[in-house]
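This is the structure, below, for whatever I ask next.
Which chain is which? They are A, B, C and D, in the order written, and residues in each are numbered from 1.
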Amino acid sequence: MAQEITLKDRYGYMLWMRHFELACLEGVPTREIHGELHTGVGQEAISAGMVGFLSKEDAMCSTHRNHMHAIAKGVDLRAMLAEIFEKSTGICGGFGGHMHIFDPSLKFSATGIVGAGVPVALGHAYAARLKGNQAVAVAVVGDGAVNTGAFHEAMNMAGALSLPLVVVVENNEWAISVPFSASSATETIAERAPSWRAHGIRVNGLDVEEVANAFEAALARARSGKGPSIIEAMCYRFRGHFEGDADMYRSKEEKERRRSEDPLERTKETLVARGLATLEELNEIEKSVVASISEMLASVRKDPSPSGADATRYVFAE
Amino acid sequence: MAQEITLKDRYGYMLWMRHFELACLEGVPTREIHGELHTGVGQEAISAGMVGFLSKEDAMCSTHRNHMHAIAKGVDLRAMLAEIFEKSTGICGGFGGHMHIFDPSLKFSATGIVGAGVPVALGHAYAARLKGNQAVAVAVVGDGAVNTGAFHEAMNMAGALSLPLVVVVENNEWAISVPFSASSATETIAERAPSWRAHGIRVNGLDVEEVANAFEAALARARSGKGPSIIEAMCYRFRGHFEGDADMYRSKEEKERRRSEDPLERTKETLVARGLATLEELNEIEKSVVASISEMLASVRKDPSPSGADATRYVFAE
Amino acid sequence: MARNLNLSQCISEALHLEMERDPQVLVIGEDVGGQGGVFGATRGLQKKYGSGRVLDTPISESAITGMGVGLALEGYRPVLEIMFVDFIGVCLDQVYNAIAKNHYMSGGKVRMPIVIKTAGGCIGSGAQHSQCLWGLFAHLPGLKVVAPSNPYDAKGLMASAVESDDPVVFIEHKGLLLKRAEDFTFGSDVPAERYTVPIGKANVVREGSDLTLVTLSGTVAPSVTAAEEALKKGISVEVIDLRSVVPLDMDTVAASVKKTGKILVVDEDYLSFGLSAEVVTRLLERKISITSVKRLAVPDVPIPGALSLEQEVVPNERSISAAIAETVGKA
Amino acid sequence: MARNLNLSQCISEALHLEMERDPQVLVIGEDVGGQGGVFGATRGLQKKYGSGRVLDTPISESAITGMGVGLALEGYRPVLEIMFVDFIGVCLDQVYNAIAKNHYMSGGKVRMPIVIKTAGGCIGSGAQHSQCLWGLFAHLPGLKVVAPSNPYDAKGLMASAVESDDPVVFIEHKGLLLKRAEDFTFGSDVPAERYTVPIGKANVVREGSDLTLVTLSGTVAPSVTAAEEALKKGISVEVIDLRSVVPLDMDTVAASVKKTGKILVVDEDYLSFGLSAEVVTRLLERKISITSVKRLAVPDVPIPGALSLEQEVVPNERSISAAIAETVGKA
């Protein structure tokens, strides 16, 4: 499957991801989105690097910062955008909100509790073992999640049972205001992997190809029964932790410097440098993505809000 | 301090520990102890190896199987025995029970929740940092506790802050009926230490000198600001998980073989072989320990039960 | 054919039947496999259904409950054992933030047919090994909360719990788990075949006209005994075994209180902010007239270690008898 | 001198004063140091008292709460921040099995002067970021549970919490934390000096004669507004701000209901097995005659994501007004 995804394709996905997030931002000042919003702007290369390797049978468990992971897994963009904009047409009918994207048909789910997705992924990985199929469970987490108890418990069991679990850690070096370096006993996350009998690798999370290669290798390892992997993808969150975050804990200098290393620009340059596309061509692609998303947003905005009368449904199945 | 403790002294402590546990056993069939009882019979060399290195300023956080750890820390035997026998003269007035031995004057505490003592020890270790003194916090846990989230969270913080925390893991190869080998991703616990920037060592927990040496080194490391250590002491629990445990999960053959490796016998033989004591001398010591404990038990048995009228005290301090 | 079975046998029998009936049923937890549970309530399952479907885990309750979520998302029906309910504090997050809410948060898209099987109640062992905590689970929306009082109910309620599409917290009282079959005065004649006892339907264990005594789990038997004693003093006590805290069968309770006018709730869980106040308040909301109300529960103290203290705070036959007398004004 | 301060300023001011007064006071949690708290409620503390006493931690709530226990055993008075109360499920064990019980289990030997400082309440963000959960803590013995409704109380109650020898769960409503000083209609005139507001004493925010409305935290202000509206319709509502769930000031509530005969509990926490039933039942136990009773709370559903759904289940001015009318029989 992976062979079909070219670097240009990945760039296209990155554009969709970036502009999807930018569309979400529009809902904040208008209060169409009335709660917290966490976007992944700047971290696109990691999700785009995961595109194309996973089937419907593979699971993905994500976080509070989940939109781009969902796009990588193939979740319907419009239904997700509608959920984020609190519409009854949302993928969860508006019951979830942006931190709770569920798509059971794709085995995609998310949680707002840091670290809590990893044990859920463990369950998917164990299901693959029970079913005896080739499925893999992917958990995507931030660097902060590695220090939670849930992470350790799940990784240990995955290691002990040699389960097909791949954990992608988006190490953006910050957990809200607390720097990774101050909260981790080790300098890297990858080096911790052996303590869970996992394979660990640190990659440049701005380099979509490096991510794709590591992800492909980890999946192969998992599918062949060799057990869990941790991919630590270094990156930087371009915006505040959530929209509205004053983000005073990161220096202006740091933010400017790191934002200048834009994974989209980087990929674009590579494509042009390798002669795989012209700048004009890529700009055209971007224009069309922008147009599509803006159309989608306009359409979503016309959707109805969920009916208050339904608010007490779905507590119990019966 | 440590220099003053001879091997013969340690053997004496092992005798106290063994016979203390045997005294506790007497309370089970009589229902003087009406709840669960977990003894450490067979694991004496680990606790005896810790004797003599800790001051009042050093803390110790223990588990459901805590009696021998408390003896190592210097907790008053009679008050502890009285607590276990549910007497008002108990160290907690009978409010705690055998899993909840508290001696604040020695900074000794215990918990019945597996893994939960390690974060408490972290707090003591952080107190040492704040006070700028040389104190160390010791957490004693079983092999099963290493797989809890609490263990990971506490170890990571200890490593990140380079705190004076020494974790002694009594690896008796079983967590109730689940073998260590089936529940740990790694073959040893010691090898996991680097993932928490800790020093890790596996020792023969039947060899009191090996334990003492490792413990001394770990304390020195901690006191000099070099951060946490994990001492994995291999041992075997001679009795069921608790009194009443049918213990069918361990084969008769295994139990017999492992029980034949008695740390007390081993130490006795060493003492005699090295000419540090005669067999007669050691038997005399044992006799006097047995007599003292039996006297203590007889006396404790005469103590009153706590008064029911007090049962609603101590919920709040004010 | 009915046999004399104890509670743990009934639980394991129910699980055997469910695992046989439905290959999606799994049992996961500490000591559930090789040992068959520390109370024997999962005995024989691993031998019969293999270590894949009956998994012994490390002491990692967050992993156990979290993997239950993933397995439910995969179409399985996991029975997750938390050895003692006291330990739920290390993994409550997965229970109330995921298992209880995923159905709702997904707008009905996913189901969480999970049983949290656990042991509660006091048999000695102090503050961290003696709690009931059903009031805690009941406060959190999305969880059904079941606590059987006898072998017959245990088997039938467990069958219902496993076949339910909703998460069920299933609390087995340790005292009942250790009670011999012949010591049960009711509910130990247990059919061999599968049957269900519906979740949410209370059981009038003993009819009476002067006082409604509402209880469940370990305090049903002493309540019945106390009711028998009370009758000797001319007090006729109706004893209702709730069987579940969520749903709470207020129809049965209300019908009884309509008759007796007096309510006594006997609860081995903590007194305040729990079951007893909820029962009383719902009666009031139904405008049932009550002439006397009393709650007997653990008086908002941790369970002490020593027996002499424990007996003072955990409801037992003696304190139930006293409470009955008080409620009818004959103390 | 009284200044116009908002809630987060008051909390941080209280912590400044406590840290100055008592060198044993520590503040530990995620983002409490460098950032001064995600709501600014610990602003300036680390700069003033250093990163030893004001510690930014990894996302490790079990470590945070557990180390609080160890620090309390060392004589410190740790203020532990759990960013949102919703996250308590990952570390409830240390809170209820150690912090709440160590004093009791040690027979009074050790004290746990710990504040669990956390943010609760709904401001959007769905089922895992909008809960109150004071009913959960209140069910567990050994914890005091405080939730202020205005800046003045927040400052004084935090001072009391820190100086208390008992563990206190201190729940700051997110809506109040984000409210501007000038938008508070009461309690925003705050003295600069240290003062305490005692824990366990309710506040009659508004006197009235027809109906007793009992509430706390974020629903006090809308209750007062609804009471003002009700007066226009000739309904005189007494509004009581409980300030704390444990202890529950039933003297104040009972005195009021004696006068009005009608009780409405407004609770942003889940309806069942929580605060509202406890208040009602304790009134009954005190034999206060009640002619009308109503509970308005989150109707045992998770908090939904979309605003249109959320408004349906979280008490607000509109639903409080309707409940007032219903309780006095004018719906």
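Operating definition for what follows: a residue touches a chain if its C-beta (ideal position, glycine included) is under 8 Å from a C-beta of that chain, and two chains touch if they have at least 3 such contacts.
Since the structure is predicted, the reported quantities are computational estimates derived from the model, not experimental observations.
S.K.: Among the remaining chains, which ones contact both chain C and chain D?
M.R.: Where chain C and chain D share a partner, that partner set is A, B.
S.K.: Among the chains, which one keeps its Cα centre farthest from the Cα centre of chain C?
M.R.: A
S.K.: Could you give the separation in Å between the centres of chain B and chain D, each centre being the mean of its C-alpha atoms?
M.R.: The answer is 41 Å.
S.K.: Quick check: how many Å separate the C-alpha centres of chain B and chain C?
M.R.: 35
S.K.: Would you pick out the residues of chain B that each touch at least 2 other chains?
M.R.: Residues 90, 92, 94-97, 100, 111-113, 116, 147-150, 153, 156-157, 160, 182-184, 315 of chain B each touch two or more of the other chains.
S.K.: Name the residues of chain C that each touch 2 or more other chains.
M.R.: Residue numbers touching two or more other chains: 57-58, 60-62, 86-87, 89-90, 93-94, 97, 104-105, 126-128, 141-142, 300-302, 304-305.
S.K.: What's the contact topology between the chains, one of line, ring, star, complete, other?
M.R.: Looks like everything touches everything, fully connected.
S.K.: Where on chain D does chain B make contact in their complex?
M.R.: It comes out as residues 26, 52-53, 55, 57-58, 60-76, 78, 90, 93-94, 97-98, 102-111, 113, 141-142, 144, 164-166.
S.K.: Applying the document's contact rule, which stretches of chain D touch chain A when the two form their complex?
M.R.: 30-31, 34-35, 38, 56-62, 86-87, 89-90, 123-129, 299-302, 304-313
S.K.: Which residues, counting only chain A, touch chain C once they are in their complex?
M.R.: Those in contact with chain C are residues 59, 61, 90-97, 100, 102-104, 107, 109, 111-113, 116, 118-127, 129-131, 137, 149-150, 153-154, 156-157, 160, 313-318.
S.K.: Once bound in the complex, which stretches of chain B touch chain C?
M.R.: 34-36, 83, 86-88, 90, 92, 94-100, 111-116, 144-145, 147-150, 175-178, 182-184, 248-249, 305-312, 315
S.K.: Could you pull out which chain A residues touch chain B in their complex?
M.R.: These residues of chain A touch chain B: 147-153, 155-160, 182-186, 191-192, 194-198.
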